[in-house]
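Presented sequentially are two complexes of subunit A, the first with subunit B as partner and the second with subunit C.
Right after this comes the complex of A and B.
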């Protein structure tokens, strides 16, 4: 609207000639609006990625002074990285906001508020001091110290509670992995990072059309590896199975090497599937009826035939509990239709036998975990021209490197 | 990790309680649509009035800030030439542009759901913001753009703006944040189309002896039209999507719906699940009354004539920017 006014010269007498146009209006409004920084003190930043940057902050008002928050600042959407052409609020921010607003569960990271400031979106949510990646790392460095069964079981139960809630609300998380499972200092497990999550009851397109590749490769289910176009919440349960195995053995159970994406052609992740087959045995139409219908079915002939080996793997990792193995094998079912649902997994026998699950997962452990690292060199939340460094990637590489040494 | 609270932590409750599946009603009650955007009739009426009042107060304030040394400004003050819109006028112009949004959505070939989302965003925006401050025409464009984006049907801003005369990417994007905030960041909308289809499927099972499949298909098509028309009324703020869907069927074929409900309620009482439902035998009557009321209110929407809307639109322009009227008056004077 303001463009109209810039075109015509206004008579001198008109003091406030552009008072009503939207530009100055917004400026006045911005000035009167509370800034993020009026409410939160930035303590440092946690990570950054393609989406933007996450900061750790504490509250400024009396009732939340001792509270910590994670502030996710979305990167501004622009087509051109050289010249910034503002093309509106990023679709990923819109999606995440849309989902998170509908959710409230003790085992899912809770959205506190959203603040809009200077074309930037800040999603403020509760802060969790630990995540499973840190915890697993702590138990495996410098040497392996198994996680006690009660804690392990309690963690898994809470993951399933959070996941059951998401699935009840028709949401598939699509990126479950240890780094995305948070644990608060009170020992409550929180599923985090819903950046890839989607509603699945109202699909305008198949999920495949939107995003060709989902779930970090080590946690990707066999139906996805075989090129499933339509997939179900069962992909999340496969990832939970992988997480359970990792909590037991302190290393990823299916640690495949990712085939690089080659000129828009999606590669078949042969090595990843091989890792799965080596432990679970070669899938066949007897146990997985729809196997032949998957686009990449023909690739299976490439592999040698392996027998099912999960219980041998379990025992070699020091696993002894029969029910724990039972749950693991129900989660790592090839056929997504036979895989345990989150709701059914919650009533699995393993959770009702002794030792009982605890609400505080740290209840009976004496291990002290290192708190989340924050970078204090950048506390400038409002910085517009942020060069998003590759801290997030660095962390992944570091993590990968240390894991390799162990392997 | 704090050690102090580990002493008073209770053991986690028994896993058994999770075996119960959550009902769709529970799910709907959790939704932002129910929590933020569902009202009683009284509350809705009050909201419209208070939004209009806020807009009027804002206009009054802005008028008082005009430069009094301009003769035309005094004239505007004296003769009260810039009048705020009434609630009825606001309703009319919003409805007019809601229908325009539908046409534009069709132009972009947006799916029915996204089209309904755009209309929903737009109507919610003007439930809390007044046309005295925002021209619905511009907001309608941005609502449509945002709805397409949030419903996973992304249209690039350049392409979008190019298709609409007299817009630029900036003129559309400038309202995005304002809309998001007005919507309270609640972007997920539940429309009656899905329950409408659900009933269609259930009728095929439950009512197969009472209605032929071609008749049922015809009924479904007509009910869809009813539901689409109801988007322009207030029913989405007052009833659940399933109620709106069922009301559409009821309006077209009350006998079928009545006998369907009797069958469903008798099944419910044998399942013996919900004590509350069992204890209130007239729940079915209540539901039917509700449906009738929904039908009645869905007809309260109207299609305002273009002449009337042009009048209101001019008023909106002057309300948003009274200097426009000043300029017009000056121009008229210089010509005479």
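Right after this comes the complex of A and C.
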């Protein structure tokens, strides 16, 4: 007995793979955890992306039975289709989880809770019936039916309110685009998908070091296209400018073709910048003082010289309101230092003139938008398979300005 | 809100009164009584989550942090995660070496300096080969449980920024005109680093810890007595809770007293005995 005791006192030189880790604690926690399926009824599958899969669900308790939720199930970084072991949570999931837990604003998607269960992360948030991609699609198919000015203006105002809240909190969204702007059935705009968002105060490294490529190509600002290392919240306002233009013309204003990403080197997105230059004119050091400092500045010599053309574009799209054009050109300002901030944009004249903005963006519209499609035969939340069903693929085609993120 | 401490999850969800802390710790003690390991008596292993143990854990954290060449703020975030975790979980339920490594792993991601899990495990294993299993999934699993226990609140506000803005802006005000020297600032910084061993970050807002570090530095190290007088004048003017300053000063003084008689060797022995006992019952 005594000898045995001494043996246990003597540590092994190297811990074996099955050395004690969290056994008793895991047992205690697993016994007390309420499963996500005990709390929610899955109604159907909505969409999927690089981040994982999204389902529509309703609550199971008495007070939230009539409430709808979106449940986002994070894809775990794993080569196998079956998740059989833990592999570490991705940086983007950690960001999204931690930021969503801190945020509360009417125009930002509201997180209900996060459930960690059985090697998966489920993010449960309020459900939004529409998004801008859907709304724009409805107005452009089969033929173009412009969005009325009051609704358009109210949408933009609420995007700016949500964005102003994010920026006040030192958060850059970095992936604003129509597909990520939700609208609830009550007509409230919600900025969604904070998977690429990050804090920009107390930086230990440049933003560029963390993620080489941010923002979906059509909404990517010129300073990013020119290789900026130290960019600012102004990149989000460029994207808002692109969204405003898209709400007006019902198609992406700068619909460039993305150069394929080479593993060794990031390509210069020449076609995307050309689309911008064709409408806004060729940038120069008079209007953009720091232009020469950007890593890709020398590429500009490749382009023909174009004159500024935004007001011609605006009028050709049927735009008439001067203030609306004014706001658009302040948002699509080349120099990020001169670009309007979210806070200043909110007090732009366009928002104070008639017709007045409304809290419910659908208030004076008769258009009935199709509700979000769900696939009712896919309600298997726990299914580990990473194969996507058809709706997801269709959606991916619609939204082919694909997002880029680091794995 | 993440910009301001006042509407942060830190203030709303992870700040407690002393009574609340005591209640949590009583719950853990009750839980420990029911922890049974077949064949051995855990209660006979003399291990408590007390100040000595916390100094031990702090040193583990810094040892691994140095190996990985991490910035101080990452370690501070990791230490806050650990302190919060151990408010709800007993050190007799988990492998504390793996806990330290996991907290650092998550803190690196939170502070945007991610480390590859393989690198983290291998460095941790270099530090503590007998206790870190060479199995990435063990650390990845712990990460899941850690984040769940923290209720996914991962954004931490530290006193470092408050310290800088008080020294740079407030104390430069003509009414006080206090110039804090580089040495004094360094001392403040070290005091703040030490504060993570205590309950201060569960009890007080970051600016209280920052002001306490300034106060203690001026009282103990500054030869300029006029500076201290002016600083006391500043304390009287600014509307901070002086009781909290006194309490946190006391907290640190107690820590330093313990530190004087801190005996790492006997602690290490006890921790190792605990882990080997837990490991034997594991198999």
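Just so it is clear, the second predicted complex is superposed on the first by the 348 of 407 C-alpha atoms of A that agree within 3 Å, B and C clash if a C-alpha of one lies under 4 Å from a C-alpha of the other, contacts with A are read in each partner's own complex, and residues count from 1 in each chain.
Criterion: a residue touches a chain if its C-beta (ideal position, glycine included) is under 8 Å from a C-beta of that chain, and two chains touch if they have at least 3 such contacts.
Computed from a prediction, not measured in an experiment: that's the story for all the values here.
Legend: residue contacts after superposition of the two complexes on their common chain; A:87 is shown touching both subunit B and subunit C. Contacts of A:102 after superposition: both subunit B and subunit C are touched. In the superposition on chain A, A:186 makes contact with subunit B only, while subunit C stays out of contact range. In the superposed model, A:139 makes contact with neither subunit B nor subunit C. When the shared chain is aligned, subunit C comes close enough to touch A:171, but subunit B does not. In the superposed model, A:343 makes contact with subunit B only, not with subunit C. Judged by the touch definition given at the top, the superposed model places A:359 against subunit B, while subunit C stays out of reach.
Taken together, the two complexes place residues 11, 13-17, 19-22, 26, 86-89, 91, 94, 97-99, 101-102, 104, 114, 116, 119, 168-169, 199, 201-202, 204-205, 210 of subunit A in contact with subunit B and also with subunit C.
On the side of subunit A, the complex with subunit B involves touching residues 1, 3, 11, 13-17, 19-22, 26, 86-89, 91, 94-95, 97-99, 101-102, 104, 114, 116, 119, 129, 154, 157, 161, 164, 168-169, 185-187, 199, 201-202, 204-205, 210, 343-344, 346-348, 351-352, 356-360, 362-363, 368-369. Residues of subunit A touching subunit C in their complex: 8-9, 11-26, 28-29, 85-89, 91, 94, 97-99, 101-104, 114, 116, 119, 168-171, 198-199, 201-205, 210. The touching residues of subunit B, counted against subunit A in their complex, run 1-2, 5-6, 9-12, 14-16, 18-19, 21-22, 27, 30-32, 62, 65-67, 69-70, 111, 113-114, 138, 145-146, 149-154, 156-158, 168-169, 171, 173-174, 176-177, 180-181, 184-188, 194, 320-323, 326, 330.
Every residue of subunit C that touches subunit A in the complex is listed here, in rising order: 1-3, 8-9, 31, 35, 71, 73-74, 89-90, 92-95, 98, 105-106, 109-114, 117, 125, 129-145, 147-149, 151-155, 161, 272-273, 275-280, 282-283.
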